[in-house]
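Below are two complexes that have chain A in common, paired first with chain B and then with chain C.
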Partner chain A sequence: MTRGIFARALASGRGRAGLALLGAVALLACVGPWLSTHGPNHSDFAAGIAPDGGPVGPCRAHLLGTDHLFRDELSRLGHGARFSLFVAVTATLLSSLIAAVVGTVAGWTAGTRLAAIDHAAMRLVDVLLSFPYLLLVMAIGAALDRTGALTVLLVLGATGWLGTARIVRAKTMALRSEGYVEAARALGGTAPHVLRAHVAPNVAGTVLALSVASIASMILAESVLSYLAVGVEPPTATLGRMLQEGQAALTLRPRLVALPGAVILASVLGFGLVGEALRAAQASEDRRA
Partner chain B sequence: MRRLAWLVAALGALGCSAEVSPPLGDRDAAVPVRGGTLRMASFTDVRSLDAAVAFDEVSHALESLIYATLVTLSPTGEIEPELVESWTVDEARTRYVFRLRAGVVMQDGHPLTADDVKRSIERALSPDTPCPVASFYERILGFSDYASRRASTLRGVEVLGDHLFAVSLSEPDATLLAVLSLPIVAPVCRSAGRAFDREFSLHPCGAGPFRLERWEPGRQVNFRRFDGYFRPGLPYLDRIEWALAVPQFTQRFRFEAGEQDFLHDFTSADLWRYRASPAWRGRGEWEPAKAVHSFFMNTELPPFDDVHVRRAVAFAIDRDEIARLRPGETMTMSRLIPPAVPGHDPSPGQRFDLARAREELAKAGYAFDPSTGRGGYPKEIDYACVGDSFDQQAAEVYQQQLARIGVRIRVKTRAWSAYLAETSRRRTTPMGSDGWAMDFPDPSDFFEPILSTRAIGDEDSQNRAFWSNPAFDALLAEARRAQDFDARMRLYRRAEQLVIDEAPWVMVYTKRWFNLHHPYVGGFAVNPSRTQDVGRVWIDQATRARALGRRAELPFSRLAKGALAARWP
Partner chain C sequence: MAVITRALRRLGLSLLVLWAVVTLAFVINHVLPGDPARLMAGPQARPADVEKLRRELGTDRPLAAQYASFTSRLVHTGPRAIAKGDKPHASCSAFAIVHVDLGVSFQHRKPVARLIGERLPATALLASMAVAFEVLLAVGLGLLAARWRRTIVDDGVMAVSLLLASVPTFLTAVVLQVVFAYRLRWLPFDGAGEGAASTLAHAVLPALTLALYGAGWAIRLVRDEVISELGKPYVRTARAKGAGQVRVLLAHAMRNVALPLVTLVGLDLGALLGGAIVTERIFRWPGVGSLAIDAVVTRDGPVIMGTVIVASAGIVAANLAVDGLVGLIDPRTRRAAA
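Now for the complex of A and B:
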């Protein structure tokens, strides 16, 4: 069923447009660093200077020019896109897994003699929703004495599942009263078996649609953290940091802001469009069912 | 295409134009005029307006408006009378007698007396006052007893009459008059009391040309003219509005819109644009380079407890690369005393030599083979700096340079307060950015507060390298006592050579500030010891009003045209 939803979503205009944008970003992440002969953290002072005394602009040695520290912009952009995609996708996988487990268990136990589990899970969601994740990142970073990719990934993963868990819970509660689920339970199916065989497949489409849209939020969140200098440590190239570093030269070298900004925009828009197409396909599937 | 043109025009209107706007006003304000409000801004915030406590550059500029000092520095850096009109010194050069100017009124309406001077000095140097540079005054007789609470008053400051006081020293000190020019010991009103109280910072009161009108921490500080100021006819301005914590690129747009009269904090790109703009040619003043920017290596922590590692690091730094990050503003420095300070030696001190760097590292037992990348110091070393600063940019370049000799550093960015706390705590931070800006034009300012053994403490240590060298301390003590200028300079050169050889610091660059103002601002002159000294400027309000009126009439189409002309670099 999920495969069908996926195929329908990708056949839509929005889905195709989203995939095209994501393909472009993925191409940049794969090919960008390969096209550049310079590492993302290497300052090429030998490349000379621009007429204004600043770092060189686009030229044969540096196709997209260099940044304020004379580092190759293309190489940093490619590594930045890689980093952002890796963190966003991995954090989303983590958060989706947590959301699916918590939401399904809470929805299954709601209104039963195990309702305490549901109450506990939903209160936890309430508490975490009220906790600013910026503060959490800084606290974890301070506790670990460094903010690395793993810190950012774990924080985003650990705080990104809340909304999805609530939706999965509602969906599970609705599925529980479906005839085929009640029949499976009446035939002696244990809770884990019924959840695995009958509930999970029906929840998977919703989780998938929400997850793809959530990757866009994760990319933005990671960029915000880097922009505010509470993300990974320098000199790691990230899209948010490139944006922040480029803003001081906004009037002189707008490309330093425009390029990472465009990659963030394309990634967020791409995942948003694909997520929206998946949601529409899922809604259509639900209506048919 | 039309849509694109509109987009570009809209961006231009929002201030994304590549060109800078021309100066506001068609003629220079050559003749002093009374009245008007000067609008200033700073990139940083201030923590306090209490003269005894706040000691950073922006605080210094603000304090110079509220407080008048005992003596001051002339534009050429010589000591001049301010609140004291004259002084004498005995033959042993250990007792100075000062006569206060008669008729000086403090901002609370009380006349200034010698009692106020003694009370203000004792308040600033009290052990309960977190004065960052109390050690500048440690040669005042009885300082150590007073600082350790063995005495309730500072014996070396005596009141001899209403307008007469004396300062006695435990030994000759060639820097006494220079340190009396600092706002730290400027007379404060009786409302400040005898003991330090944080509340005073909210209602600061001195004998300066402006009184505080309103202070919103992190946003704005406003001043109003003090009509009782002791210099007749001054100040010219009615008010000064000083915006705080305003990003550099925001300041540029405020300046161009006529919402800010004076520009001091530039992004590198904007500075270049103003300097290159024909409309601004011949305008603006450079301040002399009076700071040294460096990084420290903690000599109490491995691997920097080995002088060979420190020397290796010093040899591995290519200062030319750092200077290229902000051309025009930053200049390489390989010695401790900056160009604007007496005693500066233009000859090279620490120098870039990769072969020597690897040699020194090998002597320490960490030989490195650049062809294979094997060897070097085996652990990663933390380098502390303030985040989102030029220091961070420099650190990212040091990281690459040190990797060439097999020393790997990790750049740890911190907020300003966390950076200060961590780096000044004993046995905590192996290396990090450092530096010192001139407080008064004397080389002693660049040695004693930052590298002497006395400057070491378990907490709040000013000597962040925790470097202690008896020979160095002895040279400083001798230089402080010496009264002959040339002899003193020779001693400081020897002390400087010790720093170069022992490398507790790696001196890298110096920076100079550029000041720009619209033509309707008159009377600005670069001050030798503080930035943004605007206490005596005036504003030609008629010219400003005309210029702003003309700017308001500028049709949108012209703004859009300007934006469309901007090229994509």
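Now for the complex of A and C:
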């Protein structure tokens, strides 16, 4: 069932455009560091300096030029893209898992004898939704002194499940009154069995579509954190920090802002487009059922 | 009667959420490592001095006692005006007889409530301007796309809205700065300016930055809602009675779209009232957001807690206000809600 949605989503124009963008970013992440002879944190004081003393523009030694510390831009972009994708995908895995569990359990218990579980879960969502999470992440980051990739992805994953959990809850509540679910329960199916065999497969498509869209917002969130210098410590290359560093010489070397900006934009748009195509496919699937 | 009990229940839940946020902010602030007394005294301070400072700040007391004194002082009653030498109310901000006390900033040595109070007008100006721009963009482009749906106009508007929702605000901000401040020199680059006209001019670019991001979502909402309204019987009736295209869109369909739009924009406003951290920082706008990030950098615990609480209060208040407004705009919701 999920495979059909994938096929249909990828056949649409939006899905294809999104995939093309993601392909370009993935290519950069894989090939970028390999194409450049310099490491991402290596300052090249020989070939990386222009005659005016500033960083060199695109040339044979540095295909996209160097940054303000004469480090290879292409290599840094590739490593930055790798980092962004890694953090966004793992944080989304974590948040989708939490959302799926909390959403189905809350939806399953809503309106039954165990409604207290649903109430507790939904109040927790209310509280976390009214919490300015960027401040929360910044405060944790500042207090921990050194923030690594693990801190960033744990915080993003632990705060990113709220919206998805609400939608999964609503979907589970709708499923509970479906004929086949009622039949399975009437035939003596235990709650874990019915949830696993009948509810989970039908919730999976929704979670998948929302997850892909959520990767986009995770990439945005990670870039904001590294832009504000509360993400991972330097000199690790992250797209947000590269953009922030480039801003100092914005009008002199716009390339140092435009390149990381373009990579961020391409990955957010790519996941956004594929997510939307998946959602549209899922919606038409729901209508047919 | 039912309306009143429902409103009271809603208010009670909101207060519960706020209390939970206050507690969560307190726990995060106190469980995390870092000793404010140590930080304030500096690396050269003698242990005895650090100990003395700790006693002054009250951070030597057990966590439960600190929590009790923080929450009991948070909102309380007191005299209308606070006298200069009034020790018990030294860190309060008074609204008539209701006092708000968020403690004293380690860094500024000033009451947190007063610090935030000084920054709130700037943030409120920015937030309301941003929301005004956002509504203009959403209604304008959304109607355009709905009127010419499935044409190149619609495709163009949808592409633009997806793009707007995908660009991080720091990138939008930089592009706007380069184009309108650096190249064209129409508007100031950053800062706040003095006097009403200059302040407004300084607020345009940051407000536009925030509006463009929000508009990405709002444009799609208006377009989708207008299209679904246009398929309804009352629109057909209006058309049959001779209403023109413009009248159908503005007088009939738009009125029903106001509801979801108010909800979306109201929640945006609430979130923005807590301070737009990234945008305020890039444009050096002296609002609550830049106060918050300064507090994070200098580890000013009371200010971090204070801004978190104020930001959450904005979100919670916006939720309440949106619920109330929706009830006012749409008489159907008053009956339908059970």
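One rule holds for everything that comes next: the second predicted complex is superposed on the first by the 283 of 289 C-alpha atoms of A that agree within 3 Å, B and C clash if a C-alpha of one lies under 4 Å from a C-alpha of the other, contacts with A are read in each partner's own complex, and residues count from 1 in each chain.
Assume a contact is a pair of C-beta atoms (placed from the backbone, for glycine too) under 8 Å apart; a residue touches a chain by one contact, two chains touch by 3 or more.
Bear in mind the structure is a predicted one, so any value in this text is a computation, not a measurement.
When the shared chain is aligned, chain C comes close enough to touch A:A216, but chain B does not. In the superposition on chain A, contact is made by A:L135 with chain C only, not with chain B.
In the overlay built on the shared chain, the residue A:Q247 is in contact with chain B and with chain C. Chain A has more of its residues touched by C than by the other of chain B and chain C.
By the touch criterion defined above, A:H42 reaches chain B but does not reach chain C.
Once the two complexes are laid over each other on the shared chain, residue contacts for A:S96 go to neither chain B nor chain C.
In the superposition on chain A, A:T238 makes contact with neither chain B nor chain C. Shared interface residues of chain A, touching chain B in one complex and chain C in the other, are 244, 247, 250-251, 254. Those residues of chain A whose C-beta lies close enough to touch chain C in the complex are 123, 126-127, 129-132, 134-136, 138-145, 216, 220, 223-224, 227-228, 230, 240, 243-244, 247, 250-251, 254, 257, 261, 264-265, 268-269, 272-273, 276. Listed in rising order, the residues of chain B touching chain A in the complex are 16-18, 248-249, 252, 267-270, 272-273, 276, 321, 324-325, 327-328, 387-388, 392-393, 395-397, 399-400, 410-413, 568-569. For chain A in complex with chain B, the touching residues are 41-43, 45, 49-50, 52-54, 57, 68-70, 146, 229, 233-235, 244, 247-255. Taken together, the chain C residues at the contact with chain A in this complex read 13, 16-18, 20-21, 24-25, 28-29, 32-34, 162-163, 165-171, 174, 177-178, 182, 271, 274, 277-278, 281, 292-293, 296-297, 299, 304, 307-308, 311-312, 315-316, 319.
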